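Two complexes come next, and they have one chain in common, chain A, joined by chain B in the first and chain C in the second.
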Partner chain A sequence: MVTHEDVLKIARLSKLQIREDELEAFTKDMDEIINFANTINQAAVESSDFDHINRLENVFREDVVEPSLPSEEILRNAESQEDGYFLVKKRG
Partner chain B sequence: MEDYGKIKKLHDSLQKKEFSCEELTKTYIGAIEADNPALNAYVHTTPETALAAAREIDAKIARGETLDILEGIPMTLKDNISTTGIETTCGSKILEGYRPVFDATVWELLRRRGAVLLGKTNMDEFAMGSSNETSVYGGAWNPHSTAHVAGGSSGGVASAVAGNLAVYGLGSDTGGSIRQPASFCGIVGLKPTYGAVSRYGVVAYASSFDQVGPIATSVEDAALVYDALAKQDPRDSTSRGARELACGTLKKDIKGMRIGFARQYFDGVRDEVREAVERSMQVYCELGAELVEIDLPQLSYALPVYYILSCAEASSNLGRFDGIRYGYKAKNYGDVNEMIAKTRSEGFGKEVKRRILLGTYVLSAGYYDAYYKKAQSLRGMLVQAFQSAFERCDVIAAPTVPMTAFERGKAAQNAVETYLTDICTVPVNIAGIPALSLPCGFDQKGLPIGLQLIGNSFCEATLLNAAYQFEQATRETVFRAAKMGVR
Partner chain C sequence: MKYELVSGLETHVELSTKTKIFCSCSTKFGGEPNTHCCPVCLGFPGTLPKLNKKVVEYAIMAGLATNCEISNISKMDRKNYCYPDLPKAYQISQFDMPLCKNGYIDLSNGRRIRINRIHIEEDAGKLVHQGGNTYVDYNRGGVPLIEIVTEPDFRSSDEVREYVEKLQLTMKFIGVSDCKMQEGSMRCDVNISVRPVGSEEYGTRTEIKNMNSITFMTKAIDYEYTRQIDVLENGGKITQETLRYNESDGTTSSMRNKEDADDYRYFRDPDLVNIHVTDEEVEAIRRALPELPEVKRVRYISQFGLPEADALQLTKSRAIAEFFEAASDGVKNPKTVANCIIGQIFRRMENDDAKEKFEVSIPASYLKDLVLLLDSGKIRMNLLKSTLDQMLDSGKPATEFLSESDLSGVDTGDLKKFCEDAVAANPNAVADYRAGKEKALKALLGSVMKASRGRADALEVERILIELIS
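This part shows the complex of A and B:
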């Protein structure tokens, strides 16, 4: 059973604010989804190790220095910036 | 054999100067102006850059140069594929106004080959949805009946391609998002093998599931685009490229090809859909293929496994949206923590929040082993189950979706019920194998039904060959062009 407290705790971990009027609906949805997810508990698993899809291994490139984007480009979509840095308010 | 592909025909016409690339592009731009209001397929159009690209191609033709097969062909991209300087919003308020400063590799590959981009198409927010209705721009509608959805999450691409507002488009498929809308709209959609196509610059939903692929009106067009996309990319360490190209073997005889079917794929499938898929298997028999019954009891766990793992990955991937570096930022806040939480709460829609919450839940202390780890083990089991199945058959045939297109507004009513409709598409994303959807009939309302063909890892060539032969045998009865757009 997923409780209001569970949802509020998970929301805090996810950096999401849940308004009072949304809490009941989110709790109900989460409870239904978790119940649905619980069906995997019926499955017997003989420890099949899953490392990565298709047993793929990383495909590494040669370690050669290549030009990267200039900082003006990287900062182009940021609302606040100063001296080539992203600007954020101090932690409270 | 008749060719149903549009790309080769348009290529020949351009090369023979039957019309110019500018004229062709203007025809599509005009059709978008006329018919997009009814479909809501495009969310950003790029007529100026499209016409500029078209004029360059016309100059090449005038100089007598030979065009690449994809050169000058008007197309579209799902709005989660990064395009330099062109808004890329993933159907979300949190990315409003975001203009990438780099191209996704898939777009770079096509742009370099002279593709003409008409605009970006609608999608469920961050590709999370099955009806396109979680988009901040609202749903994309079905060209066969605008009272029905185009499907999701690549609903805009499917709507645009089926509505003749683009020759082809690129979608992304995490749990069915290329195949399901292709099925609903009566066209062809291919999800390649995980690792065949680069994910660089494609905004991530669930990184171990996401894969980009073509949506087109014919198997040949899908194969041409797949061959162009499946390249190893140094910027995506999981990309391998194609093991073999698909176009050269499309027309191969399929006598003796083993087509597998598993009864588990038909559980809960509507009668009309089941009958259409059974008729399709009869077509394969007539083409000389051999039907092989296989057993996949592991499919019953596919949906919860998919939702647990994809949401876990999503909760981590979507952590980057904090209002600092790009996109929407909340206005009034105290400290930086409040700014981030407010930005995310105002910027994300309900379905995205639900999946972030679920993902965070299954990864949190006390639940990790019971959900995430268990689901990963079951993922391994499903990979093995498909591997054993492909020892006995070359391709598996199944429905793409248990039903035809939903009516507007129906998918939004219950989260779990909507998740259940992904039952036929999610297994291949879990296993990382390729699959496509192609039209195989209509229901009583005239809405298209999709046949899903599933292949073994990196066997896209076999898959597209099987699809091409089916298309040759059935096209006249299973494909209808929508009466809108460029005809």
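This part shows the complex of A and C:
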């Protein structure tokens, strides 16, 4: 059973603000989501090993340098930048 | 009440691979900001990380060198946290299935520091805080790290120092990291608590993050140890918190308390598949590991009869040890080679860094050939020393500086003549010696050595001189 505290904690971790009057609705929604996801636990499987879905393993690359992107490309979508750095501006 | 320190260490070591852990960007230190970046290490949507094979190999080497078990199956997980140094808002790390576990490092006082685990993960970007703004450079983001986690087995800051130095030496020796603390390629988080001596329970611990100097680390531990005892003695309680060490005044202060414990919501990274290492692969890596510095040190003492201090100096880096081994291969007395390295070659090295790199102007075989001349009685120690200096100055072999007559040694008749001349030329020294001043003989000896241009055997000269003047 999901509690109000669970929802508040997840909201905090996700940097979301939830109003007091929204809390009950979110708690109910989340409980339903968890219950829905829980149906997977009822599946009859032989092994409890949680392997990769494609049964792939050891996908590696060799240690060989390839060109990086030009920094103009890297910074192109940045909201703000200065001297080649991403800039995180002071808040408030 | 008497208290004891209980401390554990998490050490991050940057691996010296050429490329990042999940993409082919360069790991080179420095460089203009954000020039070693691509959509993968910046965590752009739709990109697919692919694990660098060398990272797995290096981490296994590190694990074997610290007596760890290597997991046949391990996997990568996402550690979620929100901070600008991490563009994806999660770090790819290993949570419940690390690559290496249950290792240890033994200390010189006989105590064993258990290593709980070594896992592989990506480094975060670098933040520069300036004028209230934060500048972000992601060149370091995605550089491969191993995190080496000990059990809380340290009981003094000296033990911490020895462990870190040993770890540093070992990692450099096997070539998986340069472990430069000042450049951040090795850094430690220290957990510290105290408890009454004899108690089995652990006290509440504090953590100091990102220490990048061994000296400051030991100071911080000593300060924190005393601070915690003071708090307890005055009836207070230790708060579980993360601390910052202030290098300027040697104190610690709170960064954030841990009441609101971190919740990283670890889960398997669905983009990355299991790492499966077979026992055969692990054994192949084990066989390829160089002999570890500690093993070498013990062997130099037992096999070559070197003093402990010499053995320690010669195993400070792999370059030194390899030079020493190559130069002493087949010589009668490896101590002579050790003396040449420690006495004459080290003196030419500017600092510890240069010593470690040990770039010598002559190959080890030149030194070996020189020492073999001593072994066969063709030259004497003082001629060896002066010749070695000339060799080091020029990078040329011994034969360039030794003439036929140098190599022929000194004829017995000549030697007697030199001695007689010395006695005749130094009546005062002779008189002093006869009066019981044994030191006076040195003056005569020096004179003979000069006349023979260093080729005479000092013991033989002494014998003849005593015979002449007694």
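Please note the rule applied: the second predicted complex is superposed on the first by the 72 of 92 C-alpha atoms of A that agree within 3 Å, B and C clash if a C-alpha of one lies under 4 Å from a C-alpha of the other, contacts with A are read in each partner's own complex, and residues count from 1 in each chain.
Definition applied: a residue touches a chain if its C-beta (ideal position, glycine included) is under 8 Å from a C-beta of that chain, and two chains touch if they have at least 3 such contacts.
Please read these numbers as outputs of a predicted model, since none were measured by experiment.
Once the two complexes are overlaid on the shared chain, A:Ile40 sits against chain B while remaining clear of chain C. Once the two complexes are laid over each other on the shared chain, residue contacts for A:Met1 go to neither chain B nor chain C.
Of the two partner chains placed around the shared chain by superposition, chain C is the only one that A:Ser71 touches, whereas chain B remains out of contact. Of the two partners, chain B and chain C, it is B that touches more residues of chain A.
In the superposed pair of complexes, A:Tyr85 makes contact with chain C only, with no contact to chain B. By the touch criterion defined above, A:Lys15 lies against chain B and chain C together after alignment on the C-alpha atoms of chain A.
In the superposed model, A:Asp63 lies in contact with chain C only, and not with chain B. Once chain A of one complex is fitted onto chain A of the other, the partner contacts of A:Met30 are limited to chain B, with no touch recorded for chain C.
On chain A, the surface touched by chain B in one complex and the surface touched by chain C in the other have residues 13, 15, 50, 52-54, 56, 58-61, 69, 74, 86, 88-90 in common. By the touch criterion stated above, chain A contacts chain B in their complex at residues 6-7, 10-11, 13-18, 26, 29-30, 32-34, 36-41, 43, 45, 47-50, 52-54, 56, 58-61, 69, 73-74, 76-80, 86, 88-92. Only residues 17-19, 24-26, 32-39, 42, 50-54, 56, 80, 82, 84, 128, 131-138, 263, 265, 268, 270, 272-276 of chain C touch chain A when the two sit together in their complex. Chain A makes touch with chain C in their complex at residues 9, 13, 15, 50-54, 56-66, 68-69, 71, 74-75, 82-90. Within the complex formed with chain A, the chain B residues making contact are 97-99, 101-102, 193-195, 208, 232, 234, 237-240, 300-301, 303-305, 307-308, 315, 319, 322-327, 329, 333-342, 344-345, 348, 353-354, 356-358, 360-362, 364, 370-371, 374-381, 383-384, 415-416, 419, 431-432, 457.
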